[in-house]
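First chain written, first letter: the chains are A, B, C and D, and each begins at residue 1.
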Amino acid sequence: MTIRAAILGASGYTGAELARILSGHPDVEVTHVTSERYAGQPLSASFPHLRGSVADLVCEPLDAVKTAQKCDVAFCALPHKTSMGVVPDLLDAGLKVVDLSADFRIKEKAVYEEWYGVEHTASDLIAEAAYGLPELNRDPIRQARLVANPGCYPTAAQLALAPLAAKGLIDLGDVIVDAKSGVTGAGRSAKQATLYSEVADGFKAYSVGTHRHAPEIEQELSRLGGQAASVQFTPHLVPQLRGILATCYVRLQEKSDGEALRELYRAYYRDEPFIRIMPEGRLPNTAWVRGSNHCDIALIPDFRTGRLVVLSAIDNLIKGASGAAVQNMNLMLGLGETRGLLQGPLFP
Amino acid sequence: MTIRAAILGASGYTGAELARILSGHPDVEVTHVTSERYAGQPLSASFPHLRGSVADLVCEPLDAVKTAQKCDVAFCALPHKTSMGVVPDLLDAGLKVVDLSADFRIKEKAVYEEWYGVEHTASDLIAEAAYGLPELNRDPIRQARLVANPGCYPTAAQLALAPLAAKGLIDLGDVIVDAKSGVTGAGRSAKQATLYSEVADGFKAYSVGTHRHAPEIEQELSRLGGQAASVQFTPHLVPQLRGILATCYVRLQEKSDGEALRELYRAYYRDEPFIRIMPEGRLPNTAWVRGSNHCDIALIPDFRTGRLVVLSAIDNLIKGASGAAVQNMNLMLGLGETRGLLQGPLFP
Amino acid sequence: MTIRAAILGASGYTGAELARILSGHPDVEVTHVTSERYAGQPLSASFPHLRGSVADLVCEPLDAVKTAQKCDVAFCALPHKTSMGVVPDLLDAGLKVVDLSADFRIKEKAVYEEWYGVEHTASDLIAEAAYGLPELNRDPIRQARLVANPGCYPTAAQLALAPLAAKGLIDLGDVIVDAKSGVTGAGRSAKQATLYSEVADGFKAYSVGTHRHAPEIEQELSRLGGQAASVQFTPHLVPQLRGILATCYVRLQEKSDGEALRELYRAYYRDEPFIRIMPEGRLPNTAWVRGSNHCDIALIPDFRTGRLVVLSAIDNLIKGASGAAVQNMNLMLGLGETRGLLQGPLFP
Amino acid sequence: MTIRAAILGASGYTGAELARILSGHPDVEVTHVTSERYAGQPLSASFPHLRGSVADLVCEPLDAVKTAQKCDVAFCALPHKTSMGVVPDLLDAGLKVVDLSADFRIKEKAVYEEWYGVEHTASDLIAEAAYGLPELNRDPIRQARLVANPGCYPTAAQLALAPLAAKGLIDLGDVIVDAKSGVTGAGRSAKQATLYSEVADGFKAYSVGTHRHAPEIEQELSRLGGQAASVQFTPHLVPQLRGILATCYVRLQEKSDGEALRELYRAYYRDEPFIRIMPEGRLPNTAWVRGSNHCDIALIPDFRTGRLVVLSAIDNLIKGASGAAVQNMNLMLGLGETRGLLQGPLFP
């Protein structure tokens, strides 16, 4: 039986990636795509690269009732706030929902409202929503009607630090995540700041100390480690299309060498199909995960300074967004977790 | 039954792409990879992005006997001249061979030797080798033991011009192909000229009037059109990873409008799974075929000047090399032509 | 005596380049900058790289009277149509004007109106305006009150072909200019099409057969050659910041070899400080003129096809815009032609 | 009187930048360039962008005697170890020397030998050599015969942290410098790892915990602060040509707000022509210093975490190498410190 899927907000990059990934998913058919801007036009008018595939579907305006009639599962690739407006109706109509916005990630309503600057209008669903990082939260995702797909930076940071946090090996009050993202992370809206001419051959930090992914990282590391985490989070913009590299600085509670740490990670992530622990002497490169659902991780203890440096790399649009969303859907529907997601990285 | 495939010369970019594509091919298993430089090491030592896949195979030195023992089909991703040294042994041992070098593309030995500057040591096989552009030469490929996989530029140029040449609609003596390629086309050898610092944010022509793909384009257009073709071919280097755009200038024998020409192309390429004729007003972009086996084509007659401009875009490593090679293998082995090749373009 | 200069429309890229170049000009002081968007703010709010220089000047709204009070010369880096609205007043007030828009480039009002789609409201000035390509039109520029600074593509194309056109060596009815430009040529307005994520790692043609620079190239080649020129002009977008490479295809009336042609060009451009004829075997690269007012030119006759390929490279924002404008101002004011313009190319 | 300058090792990127900068220096003439690889050829054979300038000089093999005959000052843009072999002879012959290698930066011979893995053969000169960061060490530079030009990363890190270290405001035992560099920092040798195809559209860390610039940063911060500094230094490779951004994490001994810190920096760097303290809300971008000798600095205290984030941006080839070298020469020779260095940033 083929699952019928909707992509709500299909004309952004995560929508396009959902369309691309689901086109190759053996158990799923995309039967419904929405876009206000391209309503009445085929999705390929917005994304010519997808011509001849699911993108020949005509975009419709957002309408939960219609979606419910045509689909079993909905991916909400909508802006935050818009998402919380439509999710309740989708759930009421019996759909499973993977929400790629931030609306159901933050467990404390007040924290959400402070960082996102809007009132939460569907806060009764926050508790129910499963946080959608399968490697760290698989069972709740399996049971969920609603999954909150994680932010791209939080995915990279959590996968880098989860084994240490879960095992209590680091001081969660002293964590620095210096993260770097390709420009697709900034979305597809026309803005001067993300023009090619403004961004190419330049590198900068942004939202230092104020980025909305900080509380998300802290929430989940706190949950894993059972103690309040404080994360210094600095995002940077890299002149490249895809990829996040997180350079994490922590202090180990007790000394450990690199091989012992790698062994710990290999054990913690045993059987995880998308996590690759790099061997000694090999560091992650975002180019080596581009186009795939992988997360590559390396551990480098520095005996001069007493710190541990953990590096992780993901494709922000796949493991950091649409790939994770499909992985979550697979779990929610009882499909094989890797279905549709085994495409290898595209390098160079 | 699973086909066992060898990749000879696996540590270059086309080798890596073969490994990636074949990893996802449902009917094929890569059982043998060779590399002189990485002999004794897993292929992933050269290509960490492929870790956890076929790339965990250990590279062996080139040895046709061993290859023949382990495999049913061999992809030669070797430098020209090296290839002609090993292909005869592979064929003798009963393998099917797709040769990605230039060694069996040029039908006239003297032309080959003049342009490539080496003696052809397996010239008895030239006539037998099928030129591996499936859209233009499918039946011979199906019958062949040996397929000469086309050059990347010739693929873009021929697919752009084939319908016009085959129907006798243009003067083949007056053809200009102004082509632009991403840097992966220059290979993986360490050269100052292709360092990031030399190439980024710069654009240049190279090998003007002297590039080896010129006689290949002329040979095939002549064959298709039944008259001697003369092609002014100018390659350029674009500061991007993948992609070829060919801008072709021809003169129509008789006036025609854009829609009639598009209709001609749609008819000529009817049922071709990888050719997409762009609708009016939409021009090809190499980014829209990146990571896929597609070729996008547009036709723009210019009534001011009386010329027709034909644009085509491919991914040079896929439709221009490894994807085409797998397509050829599928045909040679009687598999579905699109097996393993349906991955959509990765944009952005 | 210091010349006082105005930059009208200073918040675009050509405005910023004017500010940068004039900051280093020993005879000129920028005393007035306008920008509607940044009115009341220092220019450095728009261009932080210029902080600590002329960019600490506060932007004012466009106002010809004010400009005339404060300045001796005005650079109009305004959109076409806006420019023709203000230039007459500037001239009436006694200023010299270099207009970087297209408004005074096209000598036939009807041609301008057809290609630009607007009525020309200052057409009495068209005849008076000197076309501002100093290498080809130096004396009229020296005498002019108003100079029409050439388009970026036309500069590259004309400098490539002028000696051949002027000497009657080519058939001007059979000229192809296949040109490639960096993204800064598309300006600074926020558009989806020029976002980094849309443009990076991709290559495309645009405005095939319909670009407004075609009639400008034809007009000037016709004037130089004394016969009607027909130019097939195809612009392409390169994923790089700066630079235009023009690949020009022509047919020589009589055979000539490369060295004779280079000698012809060296003679034609003798004493030109910004033109560099490449020696045999060396082809232009936009990276080698980046940041400078140079134009590099190479000539490659192709004896196989009978055509001549001429390549030229410029920095589109300097020799293709703001550098040429300063060169024109120097001529108009009787200053040394290279004043402020001797900065060498920035490579890599 | 014109100063005669030599560039030893002129065929690398820092050599080319010296040639470019000195071409525009009003008091200096380059009279001698050396390159083993290009000996007998004009420097423009290696760097065509410099054609028509100083680069028409013919390269000679390295020979201290010849250099001494022709020049007053020598810039050694040689590899470390090679430099220490020639510097003593240059000094003996009475030249002033700016050494761009690492050979005289590290004050403790043993530390140098440990990190660079070679014996120091001119260690008697180490004490005499002035560390060439003018903003922090101007007077010794003025008096010096030999200046050790700083590393690119150490320049960015020290300028970011010097006021805090000098005033004792931070714990120098807890400093993290997460630094990112463009690819030109990796030099011009042909290596697979820095090919365009390996580097573009990818981001990675390298030499984590083992980079040779760590002890240099620690040495100078220790000297400034009068206490042993321990610096966690992580370099990263950015897919861009030029630029270093250093993201520094420190803990203030006492709370302070952003404006107080900016005021402290403005005071500390008062009268420094090349340091720009960014106003509140504005963060450095390497694109805004490209092509200039500037260093842009921002300070962001994070009250959530109690840390201070300091960001600095330089052009690694200019303020991080050749521009600083010319600034040092100006000081050593009593010329105006900014002579030849006032060229503004080239953006975009």
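We take it that contacts are C-beta pairs under 8 Å (C-beta built on N, C-alpha and C of every residue); 3 or more make two chains touch, one makes a residue touch a chain.
Because the structure is a prediction, the values reported are computed rather than measured.
Of the two chain pairs considered here, B-C and B-D, the higher C-beta contact count falls to B-C. Farthest chain from chain C, judged by C-alpha centroids: A. If each chain is reduced to the centroid of its CA atoms, chain A and chain B end up 36 Å from each other. Inter-chain centre distance (chain B to chain D, centres taken as mean C-alpha positions): 45 Å.
Centre to centre, using the average C-alpha position, chain B and chain C are separated by 39 Å.
Annotation for chain D: residues touching 2 or more other chains are 13, 184, 197-198, 200-201, 239-242, 285, 287-288, 290, 348.
Within the complex formed with chain B, the chain D residues making contact are 13, 183-184, 186, 188-192, 194-201, 239-241.
Listed in rising order, the residues of chain C touching chain D in the complex are 13, 16, 20, 23-24, 47-53, 184, 200-201, 241-242, 276, 278, 282, 285, 287-292, 294, 342-348. Those residues of chain B that touch chain C in the shared complex are 176, 178, 180, 182, 197-198, 200-206, 208-209, 214, 230-232, 234, 236, 238-243, 245, 247, 249, 283-288, 290, 300, 302, 304-305, 307, 309, 311, 313, 348.
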